[in-house]
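Should a chain be cited, it is by its letter among A, B, C, D, E and F, assigned in written order, with residues numbered from 1 in that chain.
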Amino acid sequence: MAQPDPLKVPRYANLATFARLPAAGPEASVEVGVVGIPFDGGCSYRPGARFGPSAIRQASRLLRGYNPEQGVSPFEVGRVADLGDLPCTPFDNRRAVEEMHRQVAALLPRVRRMPVFLGGDHTISYPILKALSEHHGGRPLTLLHFDSHMDTWDDYFGEGFTHGTPFRRAFDEGVLDMSTSMHIGLRGSVQSPDDLEQDRALGFRTIRCAEVDELGGPAGVVRRIGERLTASQNASQEAPPLLCYISVDIDVVDPSAAPGTGTPECGGLSALQLLTMVRRLRTLPGVQWVGGDVVEVAPAYDVSEITATLAATVAYEIISLAAPGPRL
Amino acid sequence: MAQPDPLKVPRYANLATFARLPAAGPEASVEVGVVGIPFDGGCSYRPGARFGPSAIRQASRLLRGYNPEQGVSPFEVGRVADLGDLPCTPFDNRRAVEEMHRQVAALLPRVRRMPVFLGGDHTISYPILKALSEHHGGRPLTLLHFDSHMDTWDDYFGEGFTHGTPFRRAFDEGVLDMSTSMHIGLRGSVQSPDDLEQDRALGFRTIRCAEVDELGGPAGVVRRIGERLTASQNASQEAPPLLCYISVDIDVVDPSAAPGTGTPECGGLSALQLLTMVRRLRTLPGVQWVGGDVVEVAPAYDVSEITATLAATVAYEIISLAAPGPRL
Amino acid sequence: MAQPDPLKVPRYANLATFARLPAAGPEASVEVGVVGIPFDGGCSYRPGARFGPSAIRQASRLLRGYNPEQGVSPFEVGRVADLGDLPCTPFDNRRAVEEMHRQVAALLPRVRRMPVFLGGDHTISYPILKALSEHHGGRPLTLLHFDSHMDTWDDYFGEGFTHGTPFRRAFDEGVLDMSTSMHIGLRGSVQSPDDLEQDRALGFRTIRCAEVDELGGPAGVVRRIGERLTASQNASQEAPPLLCYISVDIDVVDPSAAPGTGTPECGGLSALQLLTMVRRLRTLPGVQWVGGDVVEVAPAYDVSEITATLAATVAYEIISLAAPGPRL
Amino acid sequence: MAQPDPLKVPRYANLATFARLPAAGPEASVEVGVVGIPFDGGCSYRPGARFGPSAIRQASRLLRGYNPEQGVSPFEVGRVADLGDLPCTPFDNRRAVEEMHRQVAALLPRVRRMPVFLGGDHTISYPILKALSEHHGGRPLTLLHFDSHMDTWDDYFGEGFTHGTPFRRAFDEGVLDMSTSMHIGLRGSVQSPDDLEQDRALGFRTIRCAEVDELGGPAGVVRRIGERLTASQNASQEAPPLLCYISVDIDVVDPSAAPGTGTPECGGLSALQLLTMVRRLRTLPGVQWVGGDVVEVAPAYDVSEITATLAATVAYEIISLAAPGPRL
Amino acid sequence: MAQPDPLKVPRYANLATFARLPAAGPEASVEVGVVGIPFDGGCSYRPGARFGPSAIRQASRLLRGYNPEQGVSPFEVGRVADLGDLPCTPFDNRRAVEEMHRQVAALLPRVRRMPVFLGGDHTISYPILKALSEHHGGRPLTLLHFDSHMDTWDDYFGEGFTHGTPFRRAFDEGVLDMSTSMHIGLRGSVQSPDDLEQDRALGFRTIRCAEVDELGGPAGVVRRIGERLTASQNASQEAPPLLCYISVDIDVVDPSAAPGTGTPECGGLSALQLLTMVRRLRTLPGVQWVGGDVVEVAPAYDVSEITATLAATVAYEIISLAAPGPRL
Amino acid sequence: MAQPDPLKVPRYANLATFARLPAAGPEASVEVGVVGIPFDGGCSYRPGARFGPSAIRQASRLLRGYNPEQGVSPFEVGRVADLGDLPCTPFDNRRAVEEMHRQVAALLPRVRRMPVFLGGDHTISYPILKALSEHHGGRPLTLLHFDSHMDTWDDYFGEGFTHGTPFRRAFDEGVLDMSTSMHIGLRGSVQSPDDLEQDRALGFRTIRCAEVDELGGPAGVVRRIGERLTASQNASQEAPPLLCYISVDIDVVDPSAAPGTGTPECGGLSALQLLTMVRRLRTLPGVQWVGGDVVEVAPAYDVSEITATLAATVAYEIISLAAPGPRL
């Protein structure tokens, strides 16, 4: 059994690994691997996401083996393990991004089904996406990006590698499939109308927080995502499955449910709305999940672990997407 | 007047009794009595619900005498009082359950309309239900159980009296009416699919958190409850009112609104959804409310009393169910 | 540019002014001015709103210049500035109210478009409304009051100037247009049914929290507000625009999203619901926004600034109402 | 036994009375009575001491019956009870002071040995001292005042009844014995050198925090107090015992040990130093303890009850001073 | 090197093991092993010490390899590792104690120099002491017990295995050397004078908190301990080294420095005083350190990890006692 | 008057400037200027000191105009103002250090007596020291460095500009007078004995925390500092005053009094000890105070502002050193 029996080993006991899964050494081969990237050097406001991986692990102790929401047993797909953290310098963003990229690239051949990354700030998504696309023969990836911000700025204080710029870098490198990639959950003020226009010019489409209700709630949001994905696939007959990556900035959720984050934005999704969206991604046809991340958990601002518990649950739902089972 | 006049005695003044009601000695006879059971020896994760009763009392100071949501004056049904706590050992679960049962049994003859219990962890519901059923001549009770967990495990570390097992014990003792009892608000991971099947085999029916929206929100949930209750009653023509007990594990609510609890589960009800469900229980015909509890408030994890205030409000709404007035 | 460029001056740098706007001296003339009134001597339960203005300013650092939700640039209407606080005694409510009234009256001629006040407890709304009505030639004002409480009690401990009485005083002074003024978000227990009846007798109409869903959510709430406003205007042909004032007690929002407040009431609006309502006020025709306030932020009870951030965002949306742009 | 047996009734159980003592009705006669005065309308900075009494009660549950530090059993002097709170208006300082004075005066004849008051802010000490002096036939009282501030300002915003002025009012009324009264623990910045000189001109003598070490620590401080008391008594041969009142502003302790207070001042006493001083007051000859207070506990700023627990312990040590036993 | 190089692997990275030491499997043989026992079923007031081991590990990340205070490199004595936790039931104290004893006994043959245990509540010390004495051929152990409480009650609610009784059980089993064992740091109220006398009758000697200064501070306290140890040894000429066990209840420290604990007692040691005492134990001649524990860290009551960091530092100093080096 | 009259303007009112001093524009000339440097890109563990300046300002509202501890009126030396913050990039340490140096250099000619800097992490001290030495004609400065760490590492992750390296950089640049510079308050574990030796080889002398008591407490510590300073001056007859800079890392204080910091180290100074040391620096002859800083306040880890209040008080005492008055 992947997890120790909670009727014999209390869930609060032992070293904190993700979901009480076994820790695996650096050379392990796994089906699914959970990996921390404790970096927050790209944060523009409240730092501290470097402690995200350890907080999420601690908060994940209550996760159990069967997921009724998706109808799957995500830890019984083969070896599923906590692979520890990828260390990188906190002092030099450019070097840190190189260190992340190198280590993610080294890891991917040993993770058969799906790696899930625990941030860290959003800077980490760029080197992950780059390594993943390379790992998949250079094919561009569909990004499903849940966030209150677009994170497609060109630079910030003249620096190109920050938590506000990862998807611009990914765009620049050509690792994103711009006919399918989307932002979900955007809201709040921006510098100027240009921000929105430039993002749209890159090819992103968005579902703003304010649209969720009129789309019919989380199920409607996923339907809309599905429409864009299908439109893209119809265009290219006999298409292979889309390679999909899901990136969840925990600040897509309202600060009431995710206070522990770096750039909070009021008026966000409820925890249940986000979880329902992620769970229902399972309904999308023609999709291969190649990875995911949950980022921007800043534990110093968390209260009673609610942000970290939510992030752990989101990671659990992402892992569940990779498990065989009904399409809901 | 049941409460001191808040225009003359500030609500923050004096000893913290529930809703600023008078404290009653152990021999008092009342219409409605609020009783704490400060026990958390059955907790499997974050303990501390032993401080639940004192925190709920402190947080209940803002409750006032007229409840517009149900259209009743719950403290004007006769003598309504805070009966203090039932002490029991923190060190031996089996003995503690016996102590609770004995004290609840002794109390019931003096509480005419309805006792409401403040937990404590969910272990307390079993001795309460047993004593209540005995008090009502051995008639089985309809349990309306709001929780994110089923709490129908057989044992835990070989122990039968824990916060994960009260309703299995109640089932074993035959004190539940299995044709009507329900779980509302279930969600999140479980050990295995068997957990769900065994619960169903006991006879429970459930409304999962994920179903609330598709049922039409809180009002729809209560309609569904009503359907099950009515179906049962129709089967037995000329039925006496169902003896209904409501047990609210505060973790049925999302951790954002109830962080102060022992086994938080993300993606739960909003506070308003829970309150609306409890308020609308008033619409159910053919029901006699025989008691209720609010459990699993762990104040050490609470922030600014939001969990305790919510628990106090839930208790207030339960008390209001026992007050005469319109059926909404 | 009204705000320093965040790509050059970090948003966490420099003195905390509202939204990083320039601070203006006492003699400044502005289009829109943000003004703190740090008074909480009228609080009946948890005090501390005197620290509201400084907490809201600190939490407002993330607000940016373009508001996509309303489609406007609220800081580009001319000079927009933080005018600092209006000092008043914490020790004598009557004198404090006079000090507020005098200072607000002195300020209004220099604020062309709209002043927005940061409380402080709700006591402050009365002297503001009085001064505003006087400033507008004695015309009565339409009050749109978002709150879980009515705040129309006559007195409290024999004192007429408290956070429970501002709108009764305003009514007494004739500064409210009783054919249009409304409470939105009421909920929870009151002293007696009379409280509700007396409020209604004054002329207020209310939308209770429990009605929001059945009205169709925030958009429906604003439609209902619009109906009352239009009805009033139709009655008086060729009417000038209504002079509207918006007063937001942050406790209209559920304690999960606004724990930092003085008299929390469970089961409130979500942050998104409140923000959507305020944003959609923009759709109302025939309205001139003459001012607004956000009150009852008690930072000592806040967690990770979520209440203060929400209050800052509400103030930002109110300011945006005064900016030219599409009516949505 | 005054307290319930903690081996049978858990200390976390039941209504929170001071030290788990019995609650007594308003007409009770007692040897020692603990009384709350939940008033903070005199606070000039961080309010919230109105919640002091309830927080101190909750934190006092661990206090036990025998005090080895003084070698006495303070609850076995006869009837010792928690007399609840004296309500007063939060909205009018002058009226509140009258209400306090009237209620304290009514209470004193029924408290034989000593009343101990739980604040509330320091405003409360004036009406207490006045009533006590009157109760003792108008004899002036020796004030031993532990505080980081002198609290002898004349007024504040033109108001004479605030937490910065109680001892000036008491001086004005002639209820203090200026040949013996002292401040202990003063420190930090003041408005001007005049503040210190005026206080000295009133007759107070002081032991500043910075002098504690050079006096030889807490024992030396109490020796110095004793010297002043004795000098006074020697002057008047065959003197009756001095009527001594002890007033402890919890901010005399460093904010690290007493964060939950209204006007924190860094560099204060340690908790052990304060407790040792109070305990050693027992060594003073020729003293009759007529009352005491512990004030300025603002629970909203407390962490894990450390301030409230300390205040409860200080109150316990004051009560112990009134118990017969060795003089140490 | 025992720890990863902090110049290459950030200290906040990777799974939280004690002091970033390697985790060792259950069959490992080590010189020094750190072991958690996450049990708090014996707690009589604020529970939560079951989360002590994980919190102490997380807070220990800053501990480095060289200890200048003792002049030793504690992790370079051979293999030093984190051995994880010993699981035991939270629901049955008697069974839990048996499980602890069995697992500690199984562990001792593989820990050459010294095991250090992280609690958990103080219940754990009894099974540890019993197993250690057995491991050392039944020789009684010298207990140096730092605590604000004696923990030598006979039972509690009729239960013999609680956090108030471990040393009474150890005495009963004859595993303590009563000619040398001591309590250090006692203070605060007790049930009755008998408590103190019974403890003394068992043979314990004590240094109360109030005596620390008059003994000359921490150095004097350790001198006094040394005197008792030497007196005992002189009696038996040519004595083998005393087998010493150190048990540190974190509540020996003042709540200001250790708020995160279950039964706080005001007026305790400063963190520096406790650390200095432990460090100077190194000066004692004729002592063999056979083990130690740090208990009663309840993280839910901690603030910013100060209690857990202190507990980690204490454990580090205990480990350092076992390292070869100067005797100071 | 430098500060608004607190009897007329409440201290909680208006924008948070240091000690309620006037804010001065960038071109102002002052006697004493307080300057924030909100940079924490050099932090190796818990980040967040970028919010230090705003937290210290908010916590400084209680500081008053006369300082009895030093016997001076520090704000009456001429114009004393809050000069705001020096912005710098959070994303590139090397560039940030250049930006700091450039802005400090530009500032110094306009600050006649003394600038006091509010950090930010300890990285900021290097560019300040460099600019100050240049401003003083290249004369090396005496550094009095209060800290639990030496901060003289050569690099960290290959980066030379971090919070662990400022004084090594300053040494490399020759801006320190190595015959007088000292560390005070060092404690806790280090990587290896070499760390201590290398620091000593640079010329620093240290007073470890463990030595404070044996030196006779804070007064003795300052005597020892004075001895080193005098020895240096005697060597060079007819010496001009030493140019002294004081750098206070708030973590020199025990985490109980300064929890809000990045790399806490248990067993530190009490707040009173640190303040007494700084105050008594006034007694040193032959010294010219050229500047000071207070760094490493990380507000996200603070509780109830105790760390920020202490930092504000330390800054106030440093400013007081520059005021004319008695030498104590």
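Assume a contact is a pair of C-beta atoms (placed from the backbone, for glycine too) under 8 Å apart; a residue touches a chain by one contact, two chains touch by 3 or more.
Quantities reported herein were computed from a predicted structural model and do not represent experimental measurements.
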Mutual neighbours - chains that touch chain E and chain F alike: A, D
Chain F and chain B - chains in contact with each: A, C, D, E
Between chain C and its twin chain D, rotation from the CA superposition, multiple of 5 degrees: 180
Option in C-D, C-F or A-B whose residue-number contact pairs overlap E-F by over half: A-B
Separation of chain B from chain E, taking each centre as the mean of its C-alpha atoms, in whole Å: 41
Mean-CA-position distance for chain C and chain B (Å): 38
Length of the line joining the C-alpha centres of chain B and chain D, rounded to whole Å: 42
Residues of chain A whose C-beta touches two or more other chains: 8, 10, 12, 44, 46, 50-51, 89-90, 156-157, 254, 256-257, 270, 301, 303
Pairs of chains in contact (touch as defined earlier), listed by label: A-B, A-C, A-E, A-F, B-C, B-D, B-E, C-D, C-F, D-E, D-F, E-F
List of chain F residues in touch with chain E within their complex: 44-46, 155-157, 187-193, 195-196, 208-210, 213, 254-257, 259-260, 263-268, 270, 301-303
Touching residues (chain side chain A, partner chain E) in the complex: 8-10, 12-17, 23, 36, 38, 50-51, 53-54, 57-58, 82, 84-85, 87-90
Parts of chain A lying in touch with chain F, wherever the complex brings them together: 40-44, 46-48, 50-51, 89-93, 95, 156-159, 161-162, 298, 300-301
List of chain E residues in touch with chain F within their complex: 6-8, 10-12, 61-69, 73, 217, 254, 256-257, 270-272, 275-276, 303-306, 309-310, 313, 316
